[in-house]
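What follows is a group of structures, each given as structure tokens.
You will see two complexes here that share chain A, one where it goes with chain B and one where it goes with chain C.
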Partner chain A sequence: MAACTRRLDKVMFSIRLLRNIQQKNERFLSTSMRRLDEGSDGGKPTKFTPPPKPVIIDKTQSEASLRKFLSPEFIPPRQRINPLKFAIERKDMIQRRKVLNIPEFYVGSVLAVTMADPHASGKTNRFMGICIQRGGHGLGATFVLRNIIDGQGVEICYEMYSPRLQQLEVLKLEKRLDNNLMYLRDALPEYSTVNLDMKPVPHSVTGDVPVNKTRVRMRPKPWSKRWERPKYNVQGIRFDLCLSPEKLEHAQKWAEPWREYDMLKEYDTTALEERFLKEVQTEMSKSTCP
Partner chain B sequence: MAAWTCRFLLYRGARVLAGRTGAVAAADSCLFQSVRTVKTTTWWEEHLTEDNKSYMRKSLGEEYNRQIAAKLHPLKDEPWPRQEWTKESRRVGLVAVKLGMAPVWTKTGERHVVTMLQVQDCHVLNYLSKEEYDGHTAALMVGGKNASPFYKSDEEMEMFRLAGVPPKQKVTTFKVSDNAIIKPGTPLYAAHFRPGQYVDVTAKTIGKGFQGVMKRYGFKGQPASHGQTKTHRRPGASGPGGDPAKVFKGKKMPGMMGNVFDTAHGLKVWRVNTRYNVIYVHGSVPGHKNCLLKVRDTNLPTYVEKNINPPFPTFFCEEDEQLPEDLYDEDLFIHTQPSLTL
Partner chain C sequence: MRVNIQMLISHGRVARKMGLGPESRINMLRNILTGLVRHERIETTRGRADEVQFYAEKLIDYAKKGDTDEKAMKMANFWLTEKDLIPKLFKVLAPRFETQPKAYTRMARIPNRENLDRAAMAVLEYKGNPFPPLQTAKRDNELTLLNQLLKGYREQRAQQAAAKRQDVL
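Right, the complex of A and B next:
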């Protein structure tokens, strides 16, 4: 908080400092509208700095109102692992994030990924789709993108910190009712199709992420998993259109109502999240090392 | 090391009485109480007051820091003569702690997994000459990861006292050639191994308890259906038949699995972090997370030429040039580099 007020004071003092801070803050803010390059700072000859990432920053808004987002792979799992291991991995992750901009996205957002591919013409291939799952911790964090191309469903699992990834763009930033959309495999294809010529949809960097409350219609059973069972806790399926009330009641037999009282499964990550968020923000705001 | 036994008694009667009389006793809430039956041995804090206990713990920590600080500059402390590395010389190894695993990528985009091993407070404890050890090679005893002296016997503590280091959790012996001996008390660091070298890692495997023959030796078992009567995971036949008319010694049968020492050979060192003393070693190593391992140069003949000209007899922090915080193998992709364009 003190850092924010200090930064606010600097913003009041000089516009140039504001511009510098904007350029530093671009790393953990994500939008997709292009903005003309502001032009180099006149005067002192500096070493080459990469061009600023395309970002919309509302100059009237203070840093305190920006949305705080910590990518879920920074949060360590609940295991008996020495925290030093996570600290060293976090350093590597931050180093990689300074080179490749990994934007904020959630399960349900539409992403486009450009990856190095030695067998493709132009040596890169670009794939876009809905993010249906985010998994893994630390450097091995992954996300799965799903799309339907020429009638064939395609899912690709990308590793976020792989050096072959060259660009990650968020075309549409939104959340869904669940944080795992694997049921789209058994849903009607219209819900998994993403138009390949889709233009990026602008989104704001403040306030809450829009939640897409669509509930998906499913293909007839059998499904790959019994999504009606309470262990998957799926909110985004129109069960009333595909299952009778007796079947839904029968599925509730697999409910485990005691699990919410299981104290060994409690894992409060709020303190860890705050600490890591502050660490990531301070490290990212430091300029690229010489 | 007080090995006392206790009896667990059920105090149901006392509880009912207390309820009737209305008096509330402090130890009333638990039905079980333990009663100490063997009273000959004692543990270190049994007869101490609270402030004495905290004083002992505090002075222990201070003593450790003093001992480690005294040993920080081995080259100024009458070190034993340093000799040059030759092809036949064998140098000492380290004791490390297994932190966990992580992915790494090469400059060509291939992904490998590495295990991170941290060298915590590793010191050379003792030197055994050729005659003392086995008549053929000299040996050095090395210990890693400080432990509490309160639970070590006097015989164990004698070696640590002579070397002037805090007591260690794991003490191992490394066979060394005569030109690689080091004075006891010298600290050993992760920079003893450099990226590109190959190591062998020995540790106790995770104990699985008493296991059947399918898990222990990978037997195929029997089919699940088609008339099998009560036989799905059994070993089946146990030998030839009437001619030997016996079961040979060493027949694979169910038994205790794991919790034995196993070595992973020929593991490449990808990266060394000199600030936290972490070695990144290729693939997986035996043992659970936070277990203690023994790391030494490979014996495999195929990697002999990768291990030439190592820091000999070990890496001395003060004398050798200031190493950068991270040492990387030449094939390794460092995350500060730009993304790969294959």
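Right, the complex of A and C next:
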């Protein structure tokens, strides 16, 4: 009896082996057949390849007349970090820019941002406002949009290279007298409101960016920061309407007139800017998505 | 005043604290730099010499732009408190260093000051000054065996590289 069972076991084992081999061969055969079918069909691939995006080439302007703009986050700060880190980061930034179009904008332009939001109906939310600050370097570059909605001032800080951002539209391209418009928090609300149904204002690709020379009226003091002090170097506030000349003179006590002569604080970025601008332009003009 | 962590940590700060504050520091550096331009070799404490070295070289860079340049003239006017040295800077020092791209100054350390403070001293000079040469830190003696072997190796490598370049051409 035992001998019978042993032989039976061996037979079963060999049958199972054979079946395994057969199944494996069948599987191999079946996949190869499918691949052969693909090749023979030609027009029906199983994997979905998205259609190529249209490449818009604007041949009306010559390349020399186009405005040259390098986004400030490409310029690395003065640090002892190995430049390889910035080179790698630039590569990643350019790759992201090939997918999402990050337009040229300055502090003071009006932007509308659509971001992916899992909790919103339609999965996206849209916010528009004046850009009051551009900060950060490299992939962590941010910009802050400010608007007043239902009487409440709202500021949202967006990361330019965040994968949640889906669309960046520049509704109005302009510069202001300052690089940093944080004083709008203490200004009258009319200067920070942007109409939510604003239509995009067409701007030219050549020539200089229009500078909006409005000087803002402020709410009564106290302000969040002492904007009259020369350290902030604010040009865009009407100090004559809110501060007396004595107070302005008193604020000049904090002026550091030696700062402009201090050679240690100088950081000349013209050579770096040219190099990076050329690099970014060549990389972006290469083929975008496959 | 809001004291934040950035004020207490000094990572990456290149400017030393000197004197009574930032204005005092700049004034002190101005005085030392004026003395250096006048005498071309001065003796100060090591920290001050180190700080002034940077500003001295940057001043020469500005002087090289020429005295017609507005920014260069403003800088020279600010940094040189004795105004008879401004023509000396543009007409004597700038042409002297025309061929050199950088490294216009030399700093040599000196035994400590004789006073009670025993301060670490240094001598800072513009190269090409008329005084007898300073004794700076000596490089390793070239006549030792190891240095001779390394020199031969370097020459060999240079020859091979030149030969390769010839082949490529």
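One rule holds for everything that comes next: the second predicted complex is superposed on the first by the 228 of 290 C-alpha atoms of A that agree within 3 Å, B and C clash if a C-alpha of one lies under 4 Å from a C-alpha of the other, contacts with A are read in each partner's own complex, and residues count from 1 in each chain.
Here is the rule we use: a contact is a pair of C-beta atoms (placed from the backbone, for glycine too) under 8 Å apart; a residue touches a chain by one contact, two chains touch by 3 or more.
Every value quoted in this text rests on a predicted model; they were computed, and no experiment measured them.
After superposition on chain A, the partners chain B and chain C collide with one another. Of the two partner chains placed by the overlay, only chain B lies in contact with A:Q166; chain C stays clear of it. Comparing chain B with chain C, the partner in contact with more residues of chain A is B.
When the two structures are aligned on the shared chain, A:W258 is found in touch with chain C, with no touch to chain B. Once chain A of one complex is fitted onto chain A of the other, the partner contacts of A:A116 are limited to chain B, with no touch recorded for chain C.
Once the two complexes are laid over each other on the shared chain, residue contacts for A:P51 go to neither chain B nor chain C.
With both structures placed on the common chain, the touch criterion links A:G140 to chain B but leaves chain C unconnected.
Contacts of A:R80 after superposition: both chain B and chain C are touched. Chain B is struck by only one stretch of chain C after the chain A overlay, and of the options 2-10, 38-46 or 74-82 that stretch is 38-46. Overlaid on A, the two complexes show chain B and chain C touching the same residues of chain A, namely 79-80. The touching residues of chain A, when paired with chain B in their complex, are 79-82, 84-85, 88-89, 92-93, 95-96, 98-100, 116-118, 123-124, 138-140, 159, 161-166, 289. Interface residues of chain C, counted against chain A in their complex, comprise 12, 14-15, 22-23, 26, 54-55, 58-59, 62, 74-75, 78-79.
The part of chain A that touches chain C in the complex is made up of residues 79-80, 256, 258, 261-264. By the touch criterion given at the top, residues 97, 99-100, 102-103, 105, 109, 111, 116, 118, 273, 276, 278, 289-290, 333, 335-342 of chain B touch chain A in their complex.
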